[in-house]
Amino acid sequence: MNLMTELTRRDRVFDFLAPTQSPVDVRHGPILYLEGVSVSFDGFKAINNLNLTIDDGELRCIIGPNGAGKTTMMDIITGKTTPDEGSVWFGSRHNLLTMNEPEIATLGIGRKFQKPTVFEALTVFENLELSMAADKRVLPSLRSRLAGEHYDRIDEVLAIIGLKALETRQAGILSHGQKQWLEIGMLLMQKPRLLLVDEPVAGMTEQEMERTAELLTGLAGKQSVVVVEHDMGFVRSIARNVTVLHQGSVLAEGSMDQVSADPEVIKVYLGEDD
Amino acid sequence: ADPIKVGILHSLSGTMAISESTLKDTMLMLIEEQNEKGGLLGRELEPVVVDPASNWPLFAEKARELLAKEEVDVIFGNWTSVSRKSVLPVVEELNGLLFYPVQYEGEESSENVFYTGAAPNQQAIPAVDYLMNDIGVERWVLAGTDYVYPRTTNKILETYLKDHGVAEEDIMINYTPFGHSNWQSIVADIKEFGSQGKKTAVVSTINGDANVPFYRELGNQGISASDIPVVAFSVGEQELSGIDTAPLVGHLAAWNYFMSVDADANYDFIDKWTAYKEDENAVTNDPMEAHYIGFNMWLEAVKKAGTTDVDAVKDAIIGVSVPNLTGGYATMMPNHHITKPVLIGEIQDNGQFSVVWETPSTVAGDAWSDFLPGSKDLISDWRKPLFCGNYNVVEKTCGGAEKVASN
Amino acid sequence: MLNIEQLNQFYGESHTLWDLNLEIPKGQCLCVMGRNGVGKTTLMKCIMGEESVKSGSIKLEDGAELTKLSIEQRSRHGIGYVPQGRQIFPMLTVEENLRTGLAVRKDGLKTIPERIYELFPVLKEMKNRRGGDLSGGQQQQLAIGRALVIEPRLLILDEPGEGIQPNIVAQIGEVIRRLMEEDGLTVILVEQKLPFARKYADSFAILDRGRIMAADSMDKLSDELIRQYLAV
Amino acid sequence: MAHAVNYSQSWLTRPFTERSTLTFLGVLLGAVALVTFLNLAMPQDSALHVSTYTVTLMGKYLCYALLAVAVDLVWGYLGILSLGHGAFFALGGYAMGMYLMRQIGDRGVYGNPDLPDFMVFLNWQELPWYWSGFDMAWFAFIMVLLAPGILAFVFGYLAFRSRVTGVYLSIITQALTFALMLAFFRNEMGFGGNNGLTDFMDILGFDLRTDGARLGLFIASGIALALGYIICRAIVGSKLGRVSVACRDAEARTRFIGYRVERVQLFVFVVSAMLAGVAGALYVPQVGIINPSEFSPLFSIEVVVWVALGGRATLYGAVIGALIVNYAKTVFTGVMPDAWLFALGALFVLVTVFLPKGIAGLFANLGKKKKADSPANSGTEQEAAA
Amino acid sequence: MRITRSLRLLLTACLLSLFAFSAQADDAQAQSLLQQLADAPNAKKGDIISEIAASGDERARQWLEAFSDGKLARNEETGAFVIVLTNRGRNWTVADALSGEELGEVSRRDLDSIRINNALRSQLDGILSVIDLTVEDPAKRLAAARDLRGSVGESQVERLSEIMSAEENTEVKAALQEAVAIYRVVEQGDLASVEVLSGSLNSNARAALNSAANSDNAELAAAAKKALESIEQKLKINDAAKTLYFGISLGSVLVLAAIGLAITFGVMGVINMAHGELIMLGAYTTWGMQQLLPGQPGLALILSIPAGFLVAALAGVAIERTVIQHLKGRPLETLLATFGISLILQQLVRTVISPLNRTVITPEWMSGSIMINEGLSLTLNRLYIIGFALVVFFGLMLIMRKTRLGLEVRAVTQNRAMARSMGIKATRVDILTFALGSGVAGLAGVALSQITNVGPNLGQNYIIDSFMVVVFGGVGNLWGTLVAGLTLGTINQLLEPWAGAVLAKILVLVFIILFIQKRPRGLFPQKGRAAEG
């Protein structure tokens, strides 16, 4: 019960969600910095001279039509895709383009995928355990053992994502929505400095959406959050800054109201009657 | 009385089944026949067949099974050298008897093994003599599969040829992997090598399955026996039965027995064999004859010793003479090798060989080659006082491991 | 159009659907709602035949008993399926993905009907791209397009709007409405987003832990029900 | 707070708290002890006497079982279908074989104290450099681990770094063992060519042909299998084991939470290769020969078949599979030499069709029935004692 | 035209006059000639052959041919000479050598074959070739003339020169000229003849020049060396072409062996260890066909193409129905089951047919080689196989690209449940595809029966290579299989001359390992998000 009340308090960041110390240098402002990034697949320009800056502690929503390049952008940031040109910096010290996925993850960038991907053969508990911020090198993993505080942390996240009862089930049998939640849980366990969240509320009920909104806004401040979502109601409820991508570059940027009044945005994305 | 158990250790599956399964049948036939004649020492002979499946460690295991579990009195078996090598320690350890029926590289003599196939001096050297003297070959291709038998044989031949004045550049040596099937460039090379104005021949120690594509390629590239004859040491009637022999007519093989040999013993044997196999076209070959000889020698020795006791038989068998299938006699020498005539045959279109040359008398097998530096001083003699498989006549010592004292 | 009676389903030993009864009249749209993991997708799979049922019957209006039919036969009875998670064929091109649906068309058509492309222009644009390379929303559009290729009489939509940009979501709603009105298409829709459900569905059924808790016409969907069964 | 799962144990002690592991070790070591007892204490003619022939045979099976465990570690838990583990097995075997060869000294047929027989015979003048050191037992035993280990390291480093996965990885492991087979067939390599290494005499001063030595090797194999099993169990039960499973099922995803997949793979692969090497090393003195056919791709495939038959990703299943197939082989090749391949083939087909989880699946089913009512702790047998 | 023709007739007549015109040669003389032939030691037989040839007996040619084939025999009991008609088994059918009358079967024991050896055979061939030089058909004359190169004896030179001057076909003439020149260079050290041989790529010609180049006659040696040099030049180009051809032909064998696997494994995802045995079934079908149609190996071979396909396809259906269909969604376990099936099939063949290899005859039109030039001839069986491989490949490509089956099988393997939801009859697709892949394996077997052993181990020899080719090319990509097969074949043949067969094979394997590091998904990888999963 105690936990429940704690969860409903919006203003406070739970300490288990506080980011681990990461060596990111944000003294000069932005935590993430993309400049002139382009990438093409077989001649198709998925990202076209994209410039984007995310400030430390910011919560940024990114919207845009299907195929605008939102997921591709996240792929670039996390090292999955290498851009043809441009630069991507994490803080002012780390050039992400020179690093591979695990290095980037270790630096403190966590990601939730658009299509939920969890470790199907492992239990829900184990999924969270593996994601937990820890020394992820080989020998330390071999020797790793869970202490009380680790259990507590996992329990807290389990409570947030509502999967406590399914803790020992294999993740493969979860329903679509449950996998979504598990992925969010895995993201939380990593305690990243920067969270990239691709469509967190797809398949959630309105109430779950509200909870997610609380969660994300709660994280902002200490951690930086980038959210991609097509549900305008959800975006409106959390957004302070919104970026609209279109055909691989920024179409508009500003507050939700500004953006949703933009005729271009209405034309390519929102539709007339929204 | 209890039956006398005869172990048969030939692969019935895997790569060697092609060659070995016939030998199993040969043994079964010989045993059946002997039983009809009343068995041995008034006891019946009972074959014990196992399948070592062309797997060398399994050979050792099965040999152990035969000797330790089945307690057979004698084993007839093996084809490849490596299988013999893997069985050898077992047979020695458990003091068994092994009759080995296949031509091999020599350089071995075991107290417990009787080598009824040809040693190099009973096959390779006479064949080369024939090519050199009767055909006038001056250039030599030594082509073989890359394993110990061809390596050794070729080494011996190389020395022998050089001793006879053949120049280094007139010898081409080529090794291929087991089951090699793409002979195009090698055959082209041979063709090239043979077009330098000197009579050229190929001495082939190519093994097993690789022969079919090899001969096919020869035929297709238009190399006929009159251009470049190939003399093979591993191609017999059984191998030919799987080849379309029309293009091969005239190529040669050297063996100690051919199915086409005109001898009554041979015709009788063939009749029995075709009846046994219920196949008019069943062929016989050299290793079958070796088993025939080996089996009869063992029978003789047991009769002579009056017991199947291994040590008694081992002593009794030396000097035993039995008829071979080519109209002569084979005698067990003190080095556990036997005497054999050497025949050279040309392939005919019916998959048979016609004999074109033979040694005037039988040749005794050499355990240790005279043409290898390491072994030219070695002899083997398993009769008492010497009783040694590798006696060095220069140093006058019996080298290697002392005999295990316990037996 | 579709009549479900006393349906029970198990995953191994866990009883997932309990004694379900549902009826959907021809030309209507039923919206199945419920929290995560209550069995909505499982129900859709049972209708389509991807999961076998323990007991109960699923009948089409023509009297065909679906539980006795294989998946392929069901689709030949005119059931189109847009599964959750898109399930497009990743290594087939967009066009090939669509062409898989031609097999069951009665008219033996060999090319993709133009109206699919009209509905989702992006599919035409990306005709030769592999399905797996598309963005999430594009894949979802492809999945819907593919189901429409077979000209279904009954269309099963499992969260069709997921990941699709707002204006296209609205457009999809319109199209479905139009197909229902013009061709008498019947639709079973799984949807969490109330505005969409309210706008396009005729009736609703709320599932909780594998049981139907309420089912009625859409205008009867009260805040009370929502709080009780859809809130956390 | 009560937890259904307990991961707070040290990785090394964890295996000893698992019921399945304890049962396995109990059965294994008990059987080894029993056989030893029956061999030593029972008179030759007693029905209970276990002959040295059987002991050697079982020693060989145990080596195969260890090899199968090694394969299961990489295949079952890491998802690498290695079709080349025979290479590591054979390398371990060759390292041991070289030691045994050097032990012969001047007792070979040519009596040459410096060169093994096959070298004398093919006219080698001096011992190749890579044979040096093998006259010392400690060096040879280290090489038993190092030779396969280094090969696995180099090969794995290249392959995993380039993110070769799935069938591509399987096929290059196969290419690796195939290439090694051809290479070892070559007489120029100095490993005895096709005949391989044979005619061994003694090991660590004990005459290999004595019953005592055979029994000793059998016991050593039993202990090696037990240790290998514990090592694998410890890895599998540790967090690293769960990371392996994660790599197996979603390699890319594992990277995004910060694990260096290639290092995990490399580590497990090398450990597995070393275990295979140990198996090979114990195998050679018991069968008396090592030749390149151990490198043959079909042998490696067969090992995979043992594992699949026993039940993948269970470890003990691999042991069961190896024992059953090889025992079946021994029996069938003796009892029905002409038709045993039918029986073996049918065994493979029937198990696959009717026992989807292999033979181990049978055990798991039995176990499940017992606790059918207790809340399902699904899948892996990870319930801990505490 | 007419003149030359009658000239040839005349010439033929002249030549036949060698055998004199006595139509009724007397049998006693014949008997005694044959007697002499039979009894003479090998060294003397040559003279008797010439004597027989010169005897003018019409039957002489028949005897000599029989003798050359080792089919001239004497009945031990009657002493009569017979020609053996069939010589398999224990009883042989024979015909009387003198009367030509068929005598039925005679026990082998009673027959004494008259022994022949290579030296005699080439002498005989020479004599028979000279006879062939005068036949109507220019192709035959050309062949005879070419055969003569290197085997011209002293006794023939005169006659050959005559024939040569009368010959109007330039090719035949040139060949004859060479034949005579070779004789002159070798035996007489004739300088002018060296000129004739320069530029000839024939191996006998080169042999002659080589021996001339080593002769003591400095002038001759220099001329021969010069001629040889010009030949070497031409040979270099030939060698390159030859290596390429060898490579492509080896490659096409690999492609054939692998292409069925590219369907069952590459497209369907079944790790089909029994693929080799399906190939083997195709090869055995060819053998069976030839047994059914004795004496017509060519027809049998052609019929084997559909038959081999069917047999293997049916076996494939049986495997699919009994085993593989139960393993849906467990692709790795197909390895275990099909491994079992492969063991069973191998042993089945051993038990039912024989553990020994079977003879498959190469039809006339597939044996030998076609000559591009004297130094470069392409072996016909390989040429046919290259063609066959391409036909099979493109046929398969057509099926996979242009029919619904291709689309449906890919849909089914990528997402079975969804494909079924789209109305695709997955079971039918599985059966058809597996049958197709198996049938193609059978076709490979038909082709392989022409170059390698037909025996129980046939499959084992190709299974590893097949997997390697499919994977190297990129799983699921038919083009990849084609390119991979041809590439690996060519690389192997390029390496072989300087590395040797064993090392070449090792190097190819190492190449594959290294190449996969560079392209972890084969030659033609499936790219993009979809492939990375």
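Letters are used for the chains, namely A, B, C, D and E, taken in the order the chains are written, and counting of residues starts over at 1 for each.
The rule is short, and it goes like this: contacts are C-beta pairs under 8 Å (C-beta built on N, C-alpha and C of every residue); 3 or more make two chains touch, one makes a residue touch a chain.
Just so it is clear, the model here is predicted, and its values are computed rather than measured.
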Pair of chains joined by the greatest number of C-beta pairs in contact: B-E
Far-end chain from subunit A, centres as C-alpha averages: B
Central chain of the complex, centres being mean CA coordinates: D
Chain at maximum distance from subunit D, centres defined as averaged CA atoms: C
Distance between the centres, which are taken as Cα means, of subunit D and subunit B, whole angstrom: 37
Rounded Å distance between subunit B and subunit E, as computed from the means of their C-alpha atoms: 30
Geometric centre distance via CA averages, subunit C-subunit B, whole Å: 76
Gap in Å, rounded to a whole number, between the CA centres of subunit E and subunit C: 62
Interface hub residues of subunit E, defined as touching at least two other chains: 346-347, 460, 502, 505, 528
Of all residues in subunit A, the ones touching two or more other chains: 41
Multi-partner residues of subunit C (at least 2 other chains): 133
List of subunit C residues in touch with subunit E within their complex: 48-50, 70-72, 74-76, 81, 83, 87-92, 96, 99-101, 103-104, 130-133, 146, 150
Residues of subunit C that touch subunit A when the two form their complex: 11, 35-37, 41, 84-86, 122, 129, 133-138, 140-141, 159, 162-171, 192-194, 226, 230-232
Complex contacts: residues of subunit E adjacent to subunit D: 273, 322-323, 326-327, 330, 332-337, 339-344, 346-348, 351, 460, 464, 467-468, 471-472, 475, 502-503, 505-506, 509-510, 512-513, 516-518, 520-522, 532-533
Of all residues in subunit D, those that touch subunit A in their complex: 1, 3-5, 7-11, 235, 238-240, 242-243, 245-246, 248-250, 252-261, 263-264, 267, 377-379
Subunit B - residues contacting subunit E, complex: 12-15, 17-18, 21-22, 135, 146, 174-177, 179-182, 184-186, 188-189, 191-192, 194-198, 209, 212-213, 216-217, 219-222, 225-227, 229, 238-239, 241-244, 246-247, 249-250, 260, 262, 267, 270-271, 274, 280-281, 346, 348-352, 354-356
